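Next come two complexes built around chain A: one with chain B, the other with chain C.
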Partner chain A sequence: MDKSIFIEKLKDVIQTEKDINFNTELESIEEWDSIAQISLLAFLDSEFNKHLTVNDFEKIKTVNDIAKIAGL
Partner chain B sequence: MIKYSLEDKIIVTGASSGIGLEIAHTLNRQGATVIAIGRNSQRLELAKINSSNKKHFYTEIKDLTENLEELPQYISHLREKYGQFKALVYSAGIVELTVTRLLDKNIIDRIFNINFSAPLLTAKGFLDKKNNIGAGSSIVFIASVAGVKPSKGQIVYSSSKAALISASKSMSQEFSNKKIRINCISPAWVKTPVLERQINYIGVKESDYPLGFGQTSDVANLASFLLSDESKWITGQNYILDGGGNF
Partner chain C sequence: MVKCAFENIRISGISCCVPEKEYCLLNEQNLYNGDKKRINRVINSSGFLKRRVSEKDVMTSDLCFQAAKNLFCNTQVKKEDIEAIIFISYTPDYLLPATSYILHKKLNLSKDCIALDVPQACSGFIIGLYQGAMLLTSGCNKVLICVGDSFSKFTDMFKDNTAQIFGDAGTAILLEKYNNNSKTFFNIETYSQDYDALICENSGFKHPPQKDDFYSDNSFIYDSKMDGKRIFNFTLEKVAPNILGLLNFSNIKKENIDKFVFHQANKFILENIAKKINIDSSLISTQTLRDYGNQCGASIPCTISNTLKNYVENQGGKFLLSGFGAGLSVASCIIDIGNIYCSELVNYRR
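Let's turn to the complex of A and B:
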């Protein structure tokens, strides 16, 4: 998936209008709440066939961490 | 202990893994002839190898959502092959996270097809007079606590199970005068491959369960009871198994 498309999709998943890039810290996104987290899991599962563990999840801090999991 | 005879032919869907597998093994060990349905031929073969009475553990490879329309005929076809059935256990199913923002028709169809439409149409085939033994026949659907008490991320899954529970109650009323019984079992988290996957997602904790996570045998023991004549006064019920978690 093209990186800019990925960012657009991710914004949709998190439901944020904020300008985000690969360095954005997830905690800095106001909409990063428990539903956004479940949405991210569902997104990684359905789009990239990646099943995360709780431990993996705790390590995700930035958009780049998500991109790495997605294999971008 | 509950005992079945080889004359008791029982169809188990989802028999290649998890809860369905355990139910198939339990019924077979208790003496029944089991017709084990699943998609994955290797897992089904393994299920047969590990069964206590292999000669009476038959496997049928079938994708139940491939052609929903013909499911009732499929059951008739199985009856021609094996004879009339005493019972049906429907345990095939999928668990997928669903949230409003990622909803689309595909995901709704995918989950409802296997968790709701297929069990109903399989039951239709089983309940065809020609296909079951009449009085004493019984169906158990494996639903879920999510069908009664949904949590976040389960929009479609929980509604597919709620729909199944509701349908089975109505169906049970159609058949009670024929002494055919239909019940649901709604487990909370049971240790199966599904749990392994989901636990990762939502961080379910065993400490939420005073009696621990469920074992597949906890579900199988109840299923066996509900299919047997020991439970002849029970129909139209949904049993919640939640290890004291009060979900």
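Let's turn to the complex of A and C:
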């Protein structure tokens, strides 16, 4: 997946209007809550066939961390 | 369990009961510390809006009792012909005796009847059907299945943020032998490695009540915990393969299934399952979770009652039912339902 498409899709998943890039800290996104995290699980599953565990959530800090899991 | 099939059984009546008192997320200002944007996000993604909560002294068994009475009033079945009653719930009246005995007494059923409690949660209806099908195969002619839950007994519906998705309900379903050459198929799977993803640790003998298990008004705090992400992952990974495995085993194409009725876990989960089994999400109703909450084991019969009453009272058709949840477990079933009595979701009355 193209990186700019990935960013747009991720914004949809998190349901945020905020301008985000690969360096954006997830904690700085107001909508990054349990709903966004569940949506992220579904997104990674359906688009990349990747599964995150609860422990993985403690390790992901930035958009780039998510991209790495997706294999981008 | 291996996949299995039963011949010549049918559901011959469905009756459902809910508490009258309704709560709506839009009116609950204290939820999520009054964060309205957050409440709207919850409503939009999960699909929950309203739920029914029973009075403190109204038990799941009371809701099931009213549903069963209503079933006897509206069908030809005689109480003395009921040879088994199964109560499926994680909110019994007592641990001892089983709640099926309470229902047996209140319904005035015959002594020639076995009373069974099956403690199950969201896959409970399908597991109950399976249990009923086994009893029919081994000699019984008519089985009364009472499935219901009152999550409100388990947690403070107004202090706990997970409680707002659950609604109370009790149902009664009649299962009987019927020579119509129909086949009913089951696929039931157990994933006990995640038994603690949805657990209430102080609900049994292992962790007896301690002093700090009580609110200041002396009401008991059931310590129910739900690991939402783990359960969500489980539904993503396990439910669709279970359903596809059942279709494959039964040799029935999904195009030949007339109605899909799934446990009303939440809208987001159901949409993902629809995507994974490659059916249009419009085929899976989420109306019942929106208007009544997640009714746990009762959600499948309540969804039939709430959205398909006329359909099953007339010609009906081939149903694929799927329940999944605490255990963890996935239980799916293909069964013909039609030309039977089906109640609306009737309000409980004392």
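Annotations for the structure displayed:
In this text, the second predicted complex is superposed on the first by the 72 of 72 C-alpha atoms of A that agree within 3 Å, B and C clash if a C-alpha of one lies under 4 Å from a C-alpha of the other, contacts with A are read in each partner's own complex, and residues count from 1 in each chain.
The rule we apply is simple: contacts are C-beta pairs under 8 Å (C-beta built on N, C-alpha and C of every residue); 3 or more make two chains touch, one makes a residue touch a chain.
The shown structure was predicted, so the numbers you read here are calculated from the model rather than taken from an experiment.
In the superposed model, A:33 makes contact with chain C only, not with chain B.
Looking at the shared chain after the overlay, A:53 reaches both chain B and chain C.
Contacts of A:25 after superposition on the shared chain: neither chain B nor chain C is touched.
Contacts of A:43 after superposition: chain B is touched, whereas chain C is not reached.
Of the two partner chains, chain B is the only one touched by A:12; chain C is not. Of the residues of chain A, those at positions 15, 34-35, 38-39, 41-42, 45-46, 51-54, 57 touch chain B in one of the two structures and chain C in the other.
Chain B makes touch with chain A in their complex at residues 96-99, 101-102, 107, 152-153, 197, 199-203.
Against chain C, the residues of chain A that register as touching in their complex are 15, 31, 33-35, 37-39, 41-42, 45-46, 51-54, 57. Within the complex, the chain C residues that touch chain A are 38, 41-42, 45-46, 227-230, 232-233, 236-237, 268, 272, 275-276.
For chain A in complex with chain B, the residues that touch the partner chain are 12-13, 15, 34-35, 38-39, 41-43, 45-46, 51-54, 56-57.
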